[in-house]
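Supplied in structure tokens, the structure appears directly below.
By written order: A, B, C and D. Residues from 1 in each chain.
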Amino acid sequence: MKEIKHALILDNQLIADNIYKMTLEADGIAREAKAGQFVNLYCKGEAKLLPRPISICEIDKDRGRITLVYGVVGQGTKEFSTLKAGEKIEVLGPLGNGFKIDESKAKNIIVGGGIGTPPLVELVKQLKGEKEVYLGFRSQSILLEAFKVYGANVHVATEDGSEGFKGNVLELLKKNNAKGEIIYSCGPKPMLKAIAAWAKENEIAMQVSLEERMACGIGACVGCVCKIKEKDELDWQHKKVCKDGPVFWSDEVVWDD
Amino acid sequence: MKEIKHALILDNQLIADNIYKMTLEADGIAREAKAGQFVNLYCKGEAKLLPRPISICEIDKDRGRITLVYGVVGQGTKEFSTLKAGEKIEVLGPLGNGFKIDESKAKNIIVGGGIGTPPLVELVKQLKGEKEVYLGFRSQSILLEAFKVYGANVHVATEDGSEGFKGNVLELLKKNNAKGEIIYSCGPKPMLKAIAAWAKENEIAMQVSLEERMACGIGACVGCVCKIKEKDELDWQHKKVCKDGPVFWSDEVVWDD
Amino acid sequence: MIKEKHNLKVNIAGVELKNPVTTASGTFGSGREYGEFVDLNQLGAVTVKGVSSTPWKGNPAPRIAETYGGMLNSVGLQNPGVEEFIKNDIPFLRQYDTKIIVNVAGKSVSEYCEVVERLSHADIDLIELNISCPNVKEGGVTFGTDVKMAHKVTKEVKRYAKQPLIVKLSPNVTDITEIARAVVDGGADGISLINTLLGMAIDIHKRKPILANTVGGFSGPAVKPVALRMVYQVARAVSVPIIGMGGISTGEDAIEFILAGATAVAVGTANFRNPRATIDVLEGIKEYMVRYGIQSLDEIRGMI
Amino acid sequence: MIKEKHNLKVNIAGVELKNPVTTASGTFGSGREYGEFVDLNQLGAVTVKGVSSTPWKGNPAPRIAETYGGMLNSVGLQNPGVEEFIKNDIPFLRQYDTKIIVNVAGKSVSEYCEVVERLSHADIDLIELNISCPNVKEGGVTFGTDVKMAHKVTKEVKRYAKQPLIVKLSPNVTDITEIARAVVDGGADGISLINTLLGMAIDIHKRKPILANTVGGFSGPAVKPVALRMVYQVARAVSVPIIGMGGISTGEDAIEFILAGATAVAVGTANFRNPRATIDVLEGIKEYMVRYGIQSLDEIRGMI
């Protein structure tokens, strides 16, 4: 039987303004996890009933550890940020389907936006071939070193120009005239939508990791849906981000909302 | 302005089955507190909004400390029992009116029942004259030593006979043919009612400390009422246990419910 | 833990459940997902998500918002339709020794009848008519908030139901007993309550409602006082069995509902926080029975 | 913190409050007790506990029960009567630079009128007619759950009110907009909502309701989604100002209500957990205005 685990927190550090990195001892999860999957983190606060879905940033199968990188945006992530190494946290996972890694592709483009960047680290770690990582942030970048360690070329765009290219990540892709056989992407929906249009134009297959508000995280409540085409924009189904995703092919997604 | 204080917990120990003694560093409260007053303890748990009223068991004005003795009966007291020395707890007080200590009385009878016993410790400490302490418990006694330290004669009754007299505390009072000029009492309402009847019969003035479910604890919500006579049993008013009490004269109280 | 003599069986309109614990429709899928966390054989019944005559897409996302001690949903009864349900889910559930309660959704009296007609030939145990979903409105008022409509839909549907018919009521009404009496008059063999309250949450930074649908169904521990009050009122107003729900997440909660008059209890939102909530509730009920030497829940049902 | 240019003033039926924060009737006494924790001069208004024509004893104890994220009360409008109130509490409150809103209780139309008549000659700013207390029932239905009664009592009372008349609505209704329209038709100059939901809690060990009155009024953060939904609905249905309440304990909560259409907000149950809740709510509103460069709450009111 599956169950929520009480995982030991090995580390929980501020790595940038309002962004924390948490390392968990979670043998079972690490053993099974794939890049792009997520976990449910549960709050201790009694008013906060729903699990918080957080992507797995890195998997250390040997030591049975996973790392998570999360931004403090509301009550739940605020609670997580107060936890100390040595304490425990309830966690369930791995959940969802990760990225479908296509080893036949020699040139990979990886596009991350803001707090959508973390799951791309494990992906880049596992990808073979050339890895061009494009990251967009409002102002402050995260995880650049992690990508470099795994042999990626990292290109950064910030909206306020405080680091790297001033502008958004699509503009940077265009400016660099980026070329690749496949794109893996995670970030805010407007970014994904724009990149998906660019990918289509350039005939590059693209996987996107979507976000949606969730209740169960395991496919039971049908809360977390996105529109996935059956045939075309008009003939679509509501699919579950938690169970059928979070990763989808960008051309399956109905982007128009 | 008054305010809730974040008091440092100096100690929080199990002293009997399901009963804990907590010592707080609470200079302001200790300075003002009188025997029979109580404090509001606030829960961290977000689902538990209302303060828990707990009587002050002992006051150490010199060191700015108070001790509380509480039974674990529900969610709030369960939470309190998990707190460790060095942690803080939100506390407001002292609240209510304490016992009206009558120094003119040479022979004092003090009657406690179960978890109503704690506030009597500080009372006994402050009382002059002879102090006959009668305590009734279901099975297990608490705080006997504390009373003895302050020079009281302690008589114990337990319902199951596991300690002292087998029976209730009123039976023990009768058996001992207890004599005194005044009775101070705290415990479950049926006990108080029975002792009050005995006191009336024997023409002994008696103060009782009442309990009621509270919301504010400061007199604003009118939640915590008891019936107090204006003239007689039929002409009564609802008075606030938190603000007008918790201590009342037993002959003021309408006992018939 | 539980000794032989403690009897957990309950009877709902002639159908015997091995224990009083079922799932709240829409929170447990058709049992597959939570079946990986709990042994479905242990549940008195599984109540599946609402099914309609044809597939429904439901409402747009976001569909979920968290509130203080509760949550909102605006799923809007997304489901693959009764045919798919019968094909895929009944055979799955029949592998387990548990009763099947099927929640029925509809946008018109005739759609309700159509689904019930279809289900009456299927291998299920009880039908739960959902006339109370706040997320799908026809004509502005749901069937569950109008005495006449509630009566009418129950009466019509009853003609097609071969299994006992439970009607699930909405709490968003002035007088729940009036509606309860109306559906019992219409032929309901049992009553489920409460469905969700109608609620709302706003994202103050984006300055718009969190739910795409603006308002949604409010559930979870926060709503328990309303649910318990309504079960209490309805238990006094009618004599059919009641499946009580609304915020149940512990055995103690369940006992409160049984004391108020419920025959069975359903666990809903609690599953999202604790996938084993159903079993924890069941264990809690057993502990209470052992502690107080209760042989059968009949001894305490409705004794408040 | 707040710069000069941020204007917190709000106007309720011609009465200007220096800021939108008031207290929910019955949770703040007449201001004396919480006046030891907060400077009453800082509040937009103090809404006092319900007053009736003669002294009321209220309901028996226990009157309070805690629930998950909320509470129940069955105080039953205990109060010393309007004369005592006028004698003791108005002079006390008039020491402060804050508006006085007096909540009026009654058991009949004539009692409401009598109290309002008396208050209309007193030095107060606004009258809040409580037709929604779930703890005192006459004839089984409160005035606030019946469209005709709500209309009638408002209309009658309005004849006696010299101050603007706010009517406080009950959330225990099928359609809140119907009641809101009825009281506005009857002459209400403003609407307060929500009063408490009707709820219940059971002591499973004693096997009886926790409240001596069996059921009670349910309030606190748990009820916020229902309150917010109703404020939103009512703001769209009528054009009088709304005092929003139900679970407000932070500035963010208050902003949600203002976005939904409330002109002012009242802090109730939150005071019990945090005696400075009113001020914390006010500070939170200011912070939000500063963060988003909002000059006046008019810019965001009802924009959802």
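Heads up, the rule we're going with is that a residue touches a chain if its C-beta (ideal position, glycine included) is under 8 Å from a C-beta of that chain, and two chains touch if they have at least 3 such contacts.
The model shown is predicted, which means the values in this text are computed figures rather than measured ones.
Peer 1: Would you pick out the chains that touch chain A and also touch chain D?
Peer 2: Of all the chains present, those in contact with both chain A and chain D are B, C.
Peer 1: Just grab the chain with the largest centre-to-centre distance to chain C, centres being mean Cα coordinates.
Peer 2: B
Peer 1: Measuring from the mean C-alpha position of chain B to the mean C-alpha position of chain C, what distance in angstrom results?
Peer 2: 46
Peer 1: From the C-alpha centre of chain C to that of chain D, how far is it in Å?
Peer 2: One centre to the other, that is 34 Å.
Peer 1: If you average the CA atoms of chain A and of chain B, how many Å lie between those two points?
Peer 2: Taking the average C-alpha coordinate of chain A and of chain B, the gap between them is 57 Å.
Peer 1: Distance from the CA centroid of chain A to that of chain C, rounded to the nearest Å?
Peer 2: It comes to 35 Å between the two C-alpha centres.
Peer 1: Check each residue of chain A and list the ones that touch at least two other chains.
Peer 2: Residues 46-48 of chain A each touch two or more of the other chains.
Peer 1: Quick one: which residues in chain C touch 2 or more of the other chains?
Peer 2: In chain C, 68-70, 221 touch at least two other chains.
Peer 1: Draw the chains as dots and join the ones that touch; what shape do you get: line, ring, star, complete or other?
Peer 2: If you draw each chain as a dot and join those that touch, every dot ends up joined to every other.
Peer 1: Please give the residue numbers of chain B that touch chain C in the complex, ascending.
Peer 2: For this pair, the touching residues of chain B are 46-47.
Peer 1: Where on chain C does chain D make contact in their complex?
Peer 2: On the chain C side, the touching residues are 67-70, 72, 145, 172-175, 197-202, 204, 207-209, 214-215, 218, 221-226, 228-229, 232, 247, 252, 255-256, 259-260, 288, 300, 303-304.
Peer 1: Considering the complex alone, what residue numbers of chain A touch chain C?
Peer 2: It is residues 1-4, 42, 46-51, 92, 212-226, 237-238, 243, 257 of chain A that touch chain C.
Peer 1: In their complex, what parts of chain D are in touch with chain B?
Peer 2: Result: residues 26-29, 32-34, 36-39, 49, 57-58, 60-66, 68-71, 73, 75, 78, 210, 220-221, 269, 271-276 of chain D touch chain B.
Peer 1: For the complex, give me every residue of chain D touching chain A.
Peer 2: 68-69, 221
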